[in-house]
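Which chain is which? They are A, B, C and D, in the order written, and residues in each are numbered from 1.
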Amino acid sequence: MTNDLLGVINLGTEEGLFPEFTGHRNLAAVPFSGRYRLIDFTLTNMITQGINQVGIFTLDKYRSLMDHLGSGKEWDLDRSQGGLHIFPPALKPDGEAYLGDLANFSMHREHFVRSKQPYVVITGSNVLTTIDFQDMLDHHKSMGADITLGYAAHEQKCGYCRPIRLGENDRVVGIGERGYSPDDEYTYTETIIMSKNLFLRLVDEATSKGEYDLLDGVIRPQLHRLHVHGYHYTGKMQVIHSVLSYYNESMRLLRQEGIIYDFPHIYTKIKHEPPTRYLKGSKVNEALVANGCKISGEVQNSILFRGVVVSEHARVKNSIILSKSIIEEGAVVENAILDKEVVVKRGQVIRGTIDEPIVIGKRTTV
Amino acid sequence: MKQEMVAMLLAGGEGKRLGPLTRKTAKPAVHFGGKYRIIDFPLSNCTNSGITTVGVLTQYEPLELNRYLGIGSAWDLDRRNGGLAILPPYQAQSGKNWYEGTANAIYRNLSYIDDYDPEYVLILSGDHIYKMDYEKMLDFHKEKQADVTISVMEVPWDEAPRFGILNTSDDLRIKEFEEKPEKPKSNLASMGIYIFNWKVLREHLIQDAEDETSSFDFGKNIIPNTLLDGLDVFAYKFKGYWKDVGTIQSLWEANMDLLEEDPPFDLYDPDFKIYSVNPNQTPQFIGKDACVEQSVINEGCRIEGEVQHSVLFYDVRVGEGSLVKDSVIMPGARIGKDVTIHRAIVASCAVIEDGATVGEPGGEIVVIEPHENIESGTVFKQRA
Amino acid sequence: MKQEMVAMLLAGGEGKRLGPLTRKTAKPAVHFGGKYRIIDFPLSNCTNSGITTVGVLTQYEPLELNRYLGIGSAWDLDRRNGGLAILPPYQAQSGKNWYEGTANAIYRNLSYIDDYDPEYVLILSGDHIYKMDYEKMLDFHKEKQADVTISVMEVPWDEAPRFGILNTSDDLRIKEFEEKPEKPKSNLASMGIYIFNWKVLREHLIQDAEDETSSFDFGKNIIPNTLLDGLDVFAYKFKGYWKDVGTIQSLWEANMDLLEEDPPFDLYDPDFKIYSVNPNQTPQFIGKDACVEQSVINEGCRIEGEVQHSVLFYDVRVGEGSLVKDSVIMPGARIGKDVTIHRAIVASCAVIEDGATVGEPGGEIVVIEPHENIESGTVFKQRA
Amino acid sequence: MTNDLLGVINLGTEEGLFPEFTGHRNLAAVPFSGRYRLIDFTLTNMITQGINQVGIFTLDKYRSLMDHLGSGKEWDLDRSQGGLHIFPPALKPDGEAYLGDLANFSMHREHFVRSKQPYVVITGSNVLTTIDFQDMLDHHKSMGADITLGYAAHEQKCGYCRPIRLGENDRVVGIGERGYSPDDEYTYTETIIMSKNLFLRLVDEATSKGEYDLLDGVIRPQLHRLHVHGYHYTGKMQVIHSVLSYYNESMRLLRQEGIIYDFPHIYTKIKHEPPTRYLKGSKVNEALVANGCKISGEVQNSILFRGVVVSEHARVKNSIILSKSIIEEGAVVENAILDKEVVVKRGQVIRGTIDEPIVIGKRTTV
């Protein structure tokens, strides 16, 4: 049935988080958990909850994201009504500087005006949750809030997350800077719901004042004036913001702790890879393996993306191997992250440590 | 919009010899190769040959097939002009009639084909596993200025009596067609793949429909009639893997073929992908004490036991201490702990409870039916 | 993927009273309103109500309808999850059976509905012209905690005996259903639009299928049975334009309704668009000596003559010196020079040659059949 | 069947041609002939000839073009294999200057490498033809040409067109600057066919030398070195490059001379407008009228786009009225071009001349 929420995926605050991987793609397009890209999780969560119009506001390097999303077909978002919209970033007329997420929203104001949904839900791409947006909206309405922010227990001691401080009745009284301190009980899940009218009013006001950022320029300064409410999310949360968090969150998947098993289905671009072949002598344990791989050697506690080849007597341990990488005969890869199409030549050894996994760049031959 | 060639895929067959696997579904919907259904092969061939208009003729238990085909997105056939169309029998003012034969099924859909005003019509069936570029066959058809071209395979002479055999002159012109001849004069077997000039086929379908003695069948009526009429009928020699998977034994064998070191049938060619509907599963998870060798395994599986020389479709679970060997396990099957399976086809969503035994080394191929439940501790070696 | 409500659209009707207009096509495919076919109205209602899973049950002459529906793009129903599905009768292992009634058609597709695990099922037919937000009806259904909700219209008391009449208590609970009562106790007529809790409908369909005396019909069997069983059945009052276009006269009238200064049925509401398959025609061209008044004209037309108080579908030609008045001219019709047409329905691709006369002022509505050719100079006032 | 031509629509040379109309949209998105935009004609010509992969290389203001094209569904180009690709322009790192069409191609080199078609056909959007690309390709092959350029008789004396000079056997020996002189017999149709391999080689060579423009920087200087052949196109041609050419070419449509009747169908974005209503007293002659209009007044020798209202006693003559404009009671519009959603208030008079039609900007109320 018709859905009251307009989906907004705001990539405009995810700049340069993770340069080892985001040199040639934006964070939302980073491959994760064997066959997905980060944005698939937020998009899947939106569409499985019936949100049928999603706007993605980009920062830069959005070409690989456009390639991945295509016409939106895989997410059933190739609609004539609603569907998927990817917006290029707002740059200064001379193209020199990015102007902030508020400018992004303001530049594409028409998109919001034209859409029929009375509420907006705004998320990013690198904080993975299974938040029930409908329940959050019901909560928002029943509390009579102006704005509702999602929060979760601060269990992960995540240095990227923003602590959130709650007053009486879950009213938000403070939003901290990124970083963890033992005093912080709750963390912000980077999810915002408010009415579209309020959203547009706030964006108009703030851009006319020259503000840049929705959270820091608009919501935080007005916590006393607006009724900003907290919505307690109790499900799993995975935050990807650095090589180490990428590595650790990936390894959590192998301990069955990841978020991927909490979705009935996760939608992504389909590549039509055949099933994975295990050859004679293969030895694979504690591994998450995508389709199209060919495994003759040994794989332990690792993630193989689509089309990876592990040749005879090769060994892959505690590692993440992205699509179409090839580990030749007798090579060893340990505590490493191999980007796409890396070739590890016969007999080579790549070895990082668990605290400092080695990253091998796209299309490198080692 | 005009199309040079329209494909018509006969998918109404019951596939009786596949027993429980086709009790509730048409044969073209039967699973194959860890990820596919039989119909994926002719459809992917079409996509890879640049054919964008495909009529699929259904009749027997089409619900699962219809659901699977959807709007044809998987094969890039979700189009406004042409694309995939499902063509079931229907009621006309003159009465309600089911399709009476392969030729009748096409005859009843003349107007569908006429809509695209094609030069050529390609007739396919949904019974075989093979990869073929139909555009090359069309090039041959044009080069020979043929009225009809029949795709043929050389088969071993001793197997020839099981096929429709074509006797040709040196330039591959077909002189004679014999259905299952006792003493074959050639070993060129018809693959049931035809290209017709649409004008010629149209005329012959109309003539055939008026012939009360006809069985309205391509092999029995249409092809012999085109030869009788002295038309230019040519044989197009196909080389490669081509396997009928119409029996339990042949279906099992064709799956086992994929497990060889260098499989005779290659699913892994990036320039000729086989398309199928994606079940949106997570990557497969191979557990701590699992052991997997010489196997083909699809997404969504979760293996805690031992899998040897087997094909596992998506979303299969194999519990600790279990052994699956020389078997085909179809989507959604659940295999508990300490189960032993040899030489079996476990159909979709079947459940094999803890400690059960299915099949035996060297035994006949055992089939566990869709949604069947084999209780804990049962020994199931052959269906009574 | 789970859907809250699935719509099932009964589109297999023969529509006999539309005579030549349904000789080769199902009633829901009949043209209406210069641009649409009847089925566009329930389908657009679904789209406008946010219903994304629609099963269309076909049986009689579905080819034109199937072609028109395509993959459902026009109504934004070309989806991977849900979307539009065409559900014809099919052969099962138990035998080949056509749909025997409206309830039987749904019963035979239980598994289609089960796939979406819906809370509610909406039953629709492809017989009427109306705009309705089914989501509001569902809100009412939920608010009443009903098992079944039937959409009703107040009709003039003297017309009530032609309808299925519902007798309700003050809170709109239905106490009694009478099919075409001689002495109606109410003027609330069933519109043949039902919302059922799927659980309830499922049970009743299975019961009904086992009842050999049943005619397997919603109006005759299922609805009376739910009342007999004491279920909570409510009437949802609909206000607005609702017109059965099942006869030549009513089809003509409904078209003429669009020509009023303030039409009782508004096709021009941007918030409730009626979707239809676009024929990709150029804009209409009105010639130098043409005269067009009080008319609705679609793309691709080329008018050189006079058009008064008429509805012209796409790609119609009206030659110099011709007059078209009080008529409906369907797609692709060709009207030559110096032709006079009064009170006619000219079906698609008919040709009226130069100087012919069709119909007369004040006369009965004349129908020219699809592809019919009225020769030059003929005077055609009524079909013999 | 498979098609050997990769479609390239090069908007990178159509800069600032037509500022009255292209202030907020690029030229390719200019509405033309009642329900189309210029790009529809080239796209339609490509897809009806079986070209199933088309890349559009943009210059600027491509947002409205993206809106128009959406997922490419209306053109059956929402394909998982091939389909439609819209490429953002190549700008200098500081965003200051556009780098030319060669830089565009070079930046998206991967697109060409990945595609399977052995030949490219390159066109623009503002020279409308019905060139048979397949026939042109056959010609190209049979002549053994390196490059084939389309040419047509220079009948229109078009100041925008580039004259083309032919030597023996239709070999191209010269390409002139834009502009008409009585000596020029033939004009270039802005259509190029060559093999993809040659295309890539030329692009690589030229960008390494710092060239900007494919025609002027690559093809023209090498006419003596490469075998550049001419393909004679004999169908209709309409060139839109200025207000006056826009006006005149539109008026040609009313004399049945336009290109729109030469296509079996023209594909465009579908708006689901109802048919047009003619009310009592309407008087319409020599008019091309799109759907969704409501006409009570008088329309003569004019084009009405979708959803135009001509009220009672209003008069529209020799004019082009874009979508959703409203001519109120008794107003008069003559020799004018009204952009979208213009309102001409009751009794107002807008009058240009045939040689200098007046242009009223989008959403203006007069």
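Simple rule for what comes next: a contact is a pair of C-beta atoms (placed from the backbone, for glycine too) under 8 Å apart; a residue touches a chain by one contact, two chains touch by 3 or more.
All of these numbers come straight from a predicted model, not from anything done at the bench.
Remark: among chain pairs C-D and B-D, C-D carries the greater number of C-beta contacts. Relative to chain D, the most remote chain by averaged C-alpha coordinates is B.
Each chain gets a centre from the mean of its Cα atoms; for chain A and chain B, those two points are 40 Å apart. Rounded to whole angstrom, the centroid-to-centroid distance between chain B and chain D, based on C-alpha atoms, equals 46 Å. Multi-chain contact residues of chain D (touching two or more other chains): 73, 78, 80, 265, 270.
In chain B, 73, 78-80 are the positions where the chain touches two or more neighbouring chains simultaneously. Across the complex, chain B meets chain D through its residues 1, 4-5, 47, 49-51, 73, 76, 78-81, 135, 138. By the touch criterion stated above, chain A contacts chain C in their complex at residues 1-3, 48, 73-74, 76, 78-81, 264-265. Those residues of chain D whose C-beta lies close enough to touch chain A in the complex are 63, 70-73, 78, 80, 83, 88, 91-92, 94-96, 270. Listed in rising order, the residues of chain B touching chain A in the complex are 33-35, 73-74, 261, 267-268, 273-276, 278, 280-299, 307, 311-312. Looking at the complex, you find that chain B touches chain C at residues 12, 14, 23-24, 58-63, 66-67, 70-73, 78-80, 83, 85-93, 96, 98, 109, 111-112, 115.
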